[in-house]
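Labels run A, B and C following the written order; every chain starts at residue 1.
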Amino acid sequence: MSQAWLRVAGGLAVFALIAVAGMTALAGPDFDDALDTFTLAMVVAIPAGVVAYALIEYLQTRRLDSITRQFDTRTLVLMPVAMALNIVLGTAVASALKIPIYLDSVGTILVAALAGPLAGAATGFLSNVIWTYLAPPPFQSPFAVPFAIVAVAVGLLAGTFARWGWLRPRRGASGQQLAIGSALSVGALVLMTVIALRAWRIADEGRDLAPHADETAFVILGWAAMLLVAGTAIGLVVLLVRWRDLAAAYILLAGVITGVVAAFIAAPIAAGLFGGVTGSGADFVVAAFRQAGADLEQAVLGQSLISDPVDKVITFFVVYLILGAMATRTIARFPQGEYLLPLPDAEDVADRDA
Amino acid sequence: MLKLQGVSYRYPGGAHETLHAVTLELAEGTITGLAGAAEAGKSTLCLVAGGLAPRVIGGTIVGDITLDGTDVTSWPMHHLAEHVVTSLQEPAGQLSLIADTVFDEVAFGPANLGLPPEEVVARSDEALHLVGIEDLRERDPERLSGGQQQLVVMAGLLAMRPRHLILDEPVAHLDAAGSRLVLEAITAIATAGTAVLMAEQRSEALATVCDSVAVVAGGNIVARGSPREVLAHPATIAFGIEELPEERLRRRLSKAGLDPDVVAAAT
Amino acid sequence: MSRIATPSAGGPTAWHDLDPLTRLVVSVGTLVAAVLLTGVVCLLLLTLVAVLLPAALARQLRRVLVTGLLLALPLALSVIIVNVLFSIEGTVVASLGPLEITEEGIALAAEVVARVLTMAGAAVLFYVTTRPSELVASLQHHGVSARLTFVIHNGVAMIPRLAERAHEVTAAQRARGLDTEGNWLRRGRGVVAVAAPTVLSAVRETEMRTLALETRGFTRPGRPTVLRVPHDSSTQRVARWGVALALVLLTLARATGALPC
């Protein structure tokens, strides 16, 4: 097992090194440039980290088993279905529903959970490429490809969380466990919101608000964000109480972390390439931020920090539901399936399929 | 000749064995039928004989499986696929979905084997001819009827020139016309020298083409013999096997006090 | 429901005769260039040279223009609304009640619209002139792993299948009394009633397809045979490397600020 840790540590080290080095080397004087630099650094650092991981494994074992294991025939057959799911759902939501979520990562996270982080990353990447170049007209989006790096990050994170057992059903948790779980995850949720807001505010300071900034719109937006956070927290507690499944807390955490990371990577892409709009319902939120006095990059980041965590939390829940509906033996045959099933000493593993 | 000797199989995480000490021989040019109620183990036996269990679905296997005397239990799947191929229930789920035409779908198997292009084309044409679907050559496989898709799947498997073909319920979901097409093709395939193992719930299909029939119940082979012997036996109903139509008629006539032999005169 | 059309690929023209890999490189190159370039003039020039010219060569000019515009339209509208009407910094040019239109806002909107049109055009050009199976055969010929090309090809094939199945399930559920209009809660339930069977049946099918692929030798190491070899040539090879080099130079120029556009 220490061999595996060495590989992961090596990959992470290379990733961190390039990310930090890239950002300090390229960073400009203010926050907006730092955002762009972050995305650029991610584009280089993430693949570099993966390559480093693979290299270390090759040097250790002369093979790439932990990677090829994730891409067995079963995964290769699931990936296209997952990719199509991403594209069909994503297109349906963007065109039919005018709500600020995307729902285009269900397939990515499903594959990441069942097969592993790299398989999930590959699913996300290929989905975006196909979405632009090969999807039939009703489903085609020429604007998906630049966001491929975001999908890669989502796949890597989701696969890692799944590997850590965060998507295991944990029914039969005692009232005490549920209470602690709720408290911890609500706490984490609040902490993350505070951090996100701080980051946004830092961007705010040092820039003159335009003379016609609308304070009211700003305040309303702030309240909307608070309500959203509160709503998610309440929703979580309700689920915990109703399902008595502690996994709800883990899923919330996974969704929020993935969402925040995705927001930071995606915002500069949307801002820099597309003037902050993606043709979905999220654009209204961007417009609102702009009206409140934010400049383009801040507005897009603000919108992303609202939409992405919510989108990812919903997506993780959807994936959890899909996994719940699959037969145990089907899940077990996937490379990472064992980490998605209840632990043997759990109360109701026997009647999971009942 | 593919031979299973004393083969037992347990699904991964299974509480008990699904197959117990099964012995079966598939000789070239013969059609062996597998009869049995649902959940009796017919499909599992097909998966084991074709090598898909335990290789692709996991599980534990005990016993000998030999090909012309050579033990094949340790052969990787792609190597075994050159000798034994398996067709599963539901033809639509077996299409590769990456073929624009039936010809491309059929060529998928030989192309995977890395054969030279002329060889791939020759084998595909031959398979289309053997199964009688040359006229479907340029059609889109997803747009065909169930029976036609089943034929396409079989042609795709035959293009690999396996000496053994295992069919799990090939006509279960087909109408009378489709069934007839498929059964005729199966007969042609066996005549050309392939060994066929065919699992079916519909006794009439087994009675039509098989040289011998084995009855599977509870994971064991409980009876073996010619189709007439096995399927017309009164005990088959106890095993949950579908009664042959003429037997049902015979029984009803006897019950009604009429002469059952009139059935023999008619068939 | 009628099947979603696969690209007709048009007639045989010089563009169609090119190796699909070359066509892909041109299209991807145009997209990357559109990302790197700024300024409306340069982007329109790029569109002319890299999208409209090949489209005319392929006799698909009208289709590329129309489809590209249609695809870009919603985004273009959003861009204009968000950036022109809601931008607040810079020199005001006109005002529309409480909203003010600035020069910078208009410039940004124009640039983004031009970029969006270029990207849409490049993607559509590739899509309408290349069948997925053509591209896959070319990729395999050039050494891309058969497993990767399978995933790509199957992924494309799954999109209309999944959508069709969703339609079938919707029709079946409607026949059983499913309510797809109405308030949010009912619509939400409606979505779940359609999405769940669609996704689950698709996932279940993967088990059978896995077995079917394995028995047809899919996991054999080494390259499968390619029946339809693409028409590659040394000129095209040079052109492909040329595009790659141009992109590298463009990136460097942009990074060092030497790019006039």
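The working rule: contacts are C-beta pairs under 8 Å (C-beta built on N, C-alpha and C of every residue); 3 or more make two chains touch, one makes a residue touch a chain.
Because the structure is predicted, anything quoted here is derived from the model rather than measured.
The most distant chain from chain A is B, comparing centres defined as mean Cα coordinates. The busiest chain interface, judged by C-beta pairs in contact, is A-C. With each centre defined as the average position of its C-alpha atoms, the distance from chain A to chain B rounds to 46 Å. Centre-to-centre separation of chain A and chain C, using mean CA positions: 23 Å. The multi-chain contact residues of chain C, meaning those touching 2 or more other chains, are 150, 154, 157-158, 161, 205, 209-210, 213-214, 218-219. Multi-chain contact residues, meaning those touching two or more other chains, occur in chain B at positions 56-57.
Residue numbers of chain A whose C-beta contacts span two or more other chains: 73-74, 333.
Those residues of chain A that touch chain C in the complex are listed here as 71, 73-74, 76-81, 83-85, 87-89, 95, 126-127, 130, 132-143, 145-146, 210, 212-213, 273-279, 283, 286-287, 290-291, 293, 295-296, 321-322, 325-326, 330, 333. Looking at the complex, you find that chain B touches chain A at residues 11-13, 56-58.
Of all residues in chain C, those touching chain B in their complex are 131, 133, 136, 146, 150, 153-154, 157-158, 161, 205, 208-227. Of all residues in chain A, those touching chain B in their complex are 73-74, 328-329, 332-333. The residues of chain C lying in touch with chain A in their complex are 4-7, 24, 27-28, 31, 35, 67-68, 71-72, 74-75, 78-79, 81-83, 85-89, 100, 108-109, 111-112, 115-116, 119-120, 122-124, 126-127, 132, 135, 147, 150-152, 154-163, 166, 195-196, 199-200, 202-207, 209-210, 213-214, 218-219.
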